[in-house]
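Just so it is clear, A, B, C, D and E label the chains in written order, and each chain counts residues from 1 on its own.
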Amino acid sequence: MLDVTDLNIEFHDHLTPETVVNDFDLHMDYGEIVGLVGESGSGKTMSALAIAGLLSRKNMKKRGRIEFEGTDILNCPRNELRSLQGKDISMVFQEPMNSLDPLKKIGYQVEESLKIHTDMSAKNRKRLALRALSEVELPDPKGIYELYPHELSGGMRQRVMIAAAIISKPKLLICDEPTTALDVTIQAQILELLKKINKRYNTAILFISHDLSLVRKLCKRVLVMYRGNVVESGEAEQVFSHPEAEYTRLLIAAIPKFEKLRKD
Amino acid sequence: QGDKAAESSKIVVGIAQDLEDSLDPHKAVAAGTKEVLFNIYEGLLKPAPDGNIIPAVAESYEVSEDGTRYSFRLRNGVKFHNGEPVTAEDVKYSIEKSAGMTGDESLIPAFSLIKSVDIEDPSTVVITLSEGNLEFPAYLASANAAVIPASNASPDTIPIGTGPYQCVSRSPQENLVMKRFDDYWGEKAYIEDVTFKIEANADSVVMDLLGGSIDMFPRLTTSQVSQLSEDFTVYEGTMNLVQALYLNNEYGPLKDVRVRQALCYGTDIDGLLKLAFDGKGVPIGSSMFPSFGKYYMDELNDVYTYDVEKAKELLKEAGYENGFDLKITVPSNYQPHVDTAQVLVEQYKKIGVNASIDLVEWNSWLSDVYTNRDFESTVIGVDASNMTARALLERFCSDAGNNFINFNDARYDETFKKAITTADDEESTALYKELERILAEDAANVYLQDMAEFVALNRKFTGYEFYPMYIQDIARLRLSE
Amino acid sequence: MKRKRLLNHKLIAGAVITAFVVLVSAAGFFYTPYDPNMMDAASKFAGISLKHPLGCDNFGRDILSRIISGSGTTLVIAFCTVLIGSVGGMLAGAVTGYFGGAADEIIMRFNDAVLAFPSILLALVFISVIGSGKYKVILALGIVFIPSFARLVRAEFIKCRSMDYVSSAKLMGASDLRIMFVHILPNTMKVMLSSVAIGFNNAVLAEAGMSFLGIGVVPPDSSLGRMLSEAQAFIFVKPSYAIFSGAMIVLMILGFSMLSEGLEAL
Amino acid sequence: MKYIIRKTASMAVTVLIVSFLVFLAFSVIPGDPAVAKLGTSATPEKLVKLREELGLNRPLPVRYFEWIKSFLFGDMGTSYSYGVSVRSMLAGKLPITFCLTGMSFVLIIVISIPLGISAAKYEDTLFSKITDVLNQAVMAVPAFFTGILITYAAGLVLHLFTPGGYVSYRESMGGFLYYMLFPALAIALPKTAMNVRLLKSSVLKEAKLDYVRTAYSRGNSTNDVLYKHVLKNALIPVITFLGMTLSDIVAGSLIIEQVFSIPGIGRMLITSIGNRDYPVVGAIITIVAFIVIFINYIVDILYQVIDPRTRRQG
Amino acid sequence: MEELVLKVDKLNAWYKTRGTIFNRGENRRQILHDISFEIRRGEIAGLVGESGCGKSTLGKAILSMVKDTEGEVLHFSENPQMIFQDPYGSLNPSKTVGWILEEPLRIRGELKNSLRDELVIDMLRRAGLDESYLDRYPSELSGGQRQRVCIAQALMLKPSLIIADEPVSALDVTIQSQIIRLLLELNRELGIAFIFISHDLKIVYQICDRVMVMSGGRIIEEGSDEEVYFHPKCEYTKKLLRAAGCDQKENRN
């Protein structure tokens, strides 16, 4: 379904061009859940944005090939790309605080992709939106539908983003650190939800996180990134139990364990 | 093109100031108001362009030997704009009202001489004075002595007179509209509709003339004149005012006559006229202008000739070898005075006087300079409120309320008293001339010029005439061929 | 380490233009081809020539010299006006924004009242009281400019006073004054920068407007605004006077605002 | 509700302060109505008498309170110099100036919004660079000079209107509006330029924010993103600016009314200041200030309509 | 028993949603309800609870940064400091790291040139950075580096109590563990007591001696780490532990 080969992303707005993603390769099949981990600033978000066709800045260079169901995302015209975005590919962004339009009601934002891609009636859209909102375990979806983003807490906004991303039952869902802003109880619920969606609609999920324990719980395959390079990839269990790259080992060692530190 | 006659029997005259006065002729103060009201009101007598006083509502008059009894014979068939005929009662009422005998204060100081106004018969009115006065007819011809109907309850806002035009409407800051009065006793006006449009911004006058929204504008500056097109006739006359650097005779260095004389020697009037007025304007040497031919003394122009060395010498004698600071206060609303002051500042550098300009708003000028006399020197033009020498010279008497320059000269006071009390015309003229000479020799002020006046008139019209006073006589205008 | 590009073309262009304007104006304090006030009847309205590169005005004064010295006056006026306005506004805005409360309410009401006055009008009243002249204009305009800066600084202070770094400074025992001026104030500079550029623009315009109403710089002193309003009296005879002084105003403002935009983009 | 009461109260306080400042100003500037009225014919006795007549001898606070009291009851007093009621004087002029400021306000919006948006949309193209420079130039020209240039170009060269040929709205509404178009343009131009610049940078700033990316990710076209999401957000600072511009527009109309010979309150204000005609000046400034403050109040409310973040509970 | 450094007694706190002179005291919302606890020298006390329950507010209230409070807070230590939750807002963006670290000395007038360099660099080292960072602006630092600068700044005054408000939740795992180790080290070497606010129960277990569980502005459970983690009394605590995967004993090894 998705084939990324030799993706390179370079920034040109500093004195020297800066490569933030280097020879990124990724293959995903329908219904697959892939994890993408790595330290902060290693290029996870950039790669994800490129896959979603959202990198269009002028002072940046992209090389390589991204093919989604036969469409070349990097080079196809904007119109073609648009017909995929929000319908077949959806994305949940890292920053729940700023990723919602502050002046539009939650309801509008959740059902916007339906409005763009289908000719559903307003009533139907609202029904679906309410359902999506309740699917992400938000209390009182009807009330929330009428609220504005600033009236929600960070966790609630994050869930709204997820609701908006799954409403059109995309084939590929990219989740960029969807649980960072949430506390543990809600984190767990979100993971359950993603699993459920994956099963029910056969949605492929690219799950980006730096919380390895989450990735381990959710994903079959993982990619580990370090300074723009994929340093390791493979079956999740394999990577976690027999890490090959030095960095992966470091990461795994850093997972907080449920034990006293004082005693060592 | 339409009906040409109808189109052009209408004229729009631009005027620089709003008529913010009362429209009651006995209360109007501003020269700008009076020059407009001239078209609406007349007195028993009125001025003519040549400076003579001619009969108006009165057909003729007689003076007693001692000059205390004036007997006026009223003209037949003179009507007010409201259609009522002018009666002797109206005349009596008007004279008494304007003389301040019915309560309001009189704007004509000489009217305090009036002892009584009597109706001798329905067409004869006699005015008796407490002492003889030869200039009395001139006062009667002033706008402030107009004849108005006794029946008009609100002359402040509803102007009714006997003039060739009658007022249609006034809207503050905007215009005053008049139409021809067809029952006028004399030669009727040519143009039917007249609008006085207020042109508050001097800089847009040229645009408005060129654009056609006004047909006439009195008192243009030379640079405005040079920007007009072929469509305009420019009449050149004089403004009939005494433009001078008025000096506060009580202020520090200026107390010394030598300093004042030094300033006079240090002033290059020709240079000033060339620089700021394109060489137009008539140099004067005292508080009198040429159109008052009887009193005007050309020779006073030569009392001081431009002489930097002499000026420096005088300053040195007075102890101001290194010059002194002189502030010239100028009202900001009249560019020619500002320009004049600028040139003076430059000229005085040469004699070591460090002059600077203080621009003030007209009202600050009135209160600081004119009323409180708190100034060093000022450039301004002084006009005559009526056609008498007294109007120009009385203010320099040491006890005159409007002696804003604090001029104080015993000889002057004495001579003035004689001049106004003598019943002999020749003698009084000689005495007035003496007064002018004192002013010049004492260097009361640095006299500059009677400024040139330019009136632009669209070529569609013709017939403009200058008066030796502030008057715009629209009735004489007519369409050109 | 990443280094952002230090220069952008706005900054360069702005700096070049501003440098030119400042140099020309500064030079005017020491040297002009002629005395800018020297009148010469012979060269009244003289055209462009080698002797007078930009011609002469209605008094035969050399336009080039007047523009050079006028730029200096305008620059000084605009600069000092903005300085008074911004420093005054900074103080008022800092105190009201930081402390809030009743004093804030009262000062801000005054502020609103003054802002509701058309600024030219206010300047007119001030000038009537204190008299006209270059320094008086600076004072009047400067005071008139205070409220808008105060409003801006106040908003910034309100934003900053609840930031954690302020709390942290408080915890360390910094006094209120220190927090206001050492900690918070530098952070309002970015916002100030762009409004200083606008303020500069407004100051030049206001001075010109005042000259137009006859209450600005006192003749024979030259300022660009004064010259522009003088020039319109003979705009048909000598359009170049208006064009040159207008161009200098445009250049001055253009350079300054490009410079500020460039700085902001850094 | 409480908010509205509070706002209204502070509005009233501000207007009171304004009116008091006006009075205060007049007590400190040189000259008084009596001097103005008598002009050069003033004598000390006459002045004393006239001051008495006009009630100028009473202390300032007394005069102020009397004035504000009658003002509140709709009586604005009598003009010192014209001797007619201020209300009747203003009645004919307010509509003119309102129309002028209203038209310039509309012009600012109508011109600057499309221009600002396109300048942002085509950033870095020649078009945007040209508008940039043009903006700067227009911003830098004082309003009176813009007025002169417009008079010259549109009036004398193109003959689109007669300079100084003001048509009263009583004569012909169409002619009036047409004539006003040009002065309104002169006032609007510099502000338009500033607004274009502000809108452009505001749009560009908003366009960099994360929610824009979200909007793209749902498949919105570039225009949809611009008009449905970015624009509304970008307009917030523009609204503040427009609110603040209002008093500048009024100030601009003071000058422009002179240039175009429009008999509005601006000219009346300048003349009345010259005449020290307190009742007129007080009334005009108070009304103008009230309107400016009121519009800012509307802007505040508009804010809350547009930006839910500023809405408050209760 | 160690001496007390902090005693909080029946602390209540309110936020005003917006107050002016016209409606003072309106819209007062109570965030903290009757909070009481004590901290002893050298102790690390964990404070856990769901997002929005008032943890940060409590920290601020202790350091009297909340205006509207009732109850008693007794400090027995000098210069208690706080490390704020958001590393992006707690460093003055217009100052360099060096300036920020010197500021506490400057405020107390203890700034001597030779001394200053040593002290500042020492603290920076302790926080795991070196002197090359002295001239950088906060915007040039990563979140983890900022957090360390905050820690170094808090240490400048040698406090005996530091309230650390979620010092690691914004950071990625590798950096998290570095910071945790740093805090432990400081606790051990300098005897600084910490109130460690976090929602990561595993980390809290790793370093804390005592744990307080907050919900809805109240402390609903308090006790030693073992007690709270292995013998929770409240339903809420149990739920929390379950979600974090800390409920099974076998997880300990």
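Following the convention adopted for this analysis, a contact is a pair of C-beta atoms (placed from the backbone, for glycine too) under 8 Å apart; a residue touches a chain by one contact, two chains touch by 3 or more.
Just so it is clear, the model here is predicted, and its values are computed rather than measured.
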{"item": "Contact-richer chain pair (by C-beta pairs counted) among A-E and B-D", "value": "B-D"}
{"item": "Most widely separated chain from chain E, with each centre as the mean of CA atoms", "value": "B"}
{"item": "Distance from the mean Cα position of chain D to that of chain B, given in whole angstrom", "value": "40"}
{"item": "Chain C and chain E: spacing of chain centres that average the CA atoms, whole Å", "value": "48"}
{"item": "Whole-Å separation of chain centres (CA-atom averages), chain A against chain B", "value": "89"}
{"item": "Euclidean distance of C-alpha centroids - chain A vs chain D, Å", "value": "51"}
{"item": "Shared-contact residues (touching 2 or more other chains) in chain A", "value": "none"}
{"item": "Contacts with 2+ other chains: residues of chain E", "value": "20"}
{"item": "Where chain D touches two or more other chains at once, by residue number", "value": "29-30, 148, 152, 270, 273"}
{"item": "Residues of chain C defined as touching chain D within the complex", "value": "105, 109-110, 112-121, 124-125, 128-129, 148, 198, 201, 204-205, 208-209, 212-213, 225, 228-229, 232, 235, 242, 246, 249-250, 252-254, 257-258"}
{"item": "Chain C-touching residues of chain B, taken from the complex the two chains share", "value": "202-203, 206, 221, 223-224, 226-227, 271, 274-276, 332-333, 335, 338-339, 341-343, 345-346, 356-361, 364"}
{"item": "Complex contact set, residues of chain A against chain E", "value": "39-41, 153-155, 182-185, 187-188, 210-213, 250-251, 253-262"}
{"item": "Chain A partner contacts - residues on chain E that touch it in the complex", "value": "50-52, 142-144, 171-177, 180-181, 184, 199-203, 205-207, 225, 239-240, 243-246, 251-253"}
{"item": "Touch list for chain D against partner chain B, complex", "value": "29-32, 35-44, 46-47, 49, 81-84, 89, 92-93, 148, 151-152, 155-156, 162-166, 168, 258-261, 263, 267-268, 270-271, 273-276"}
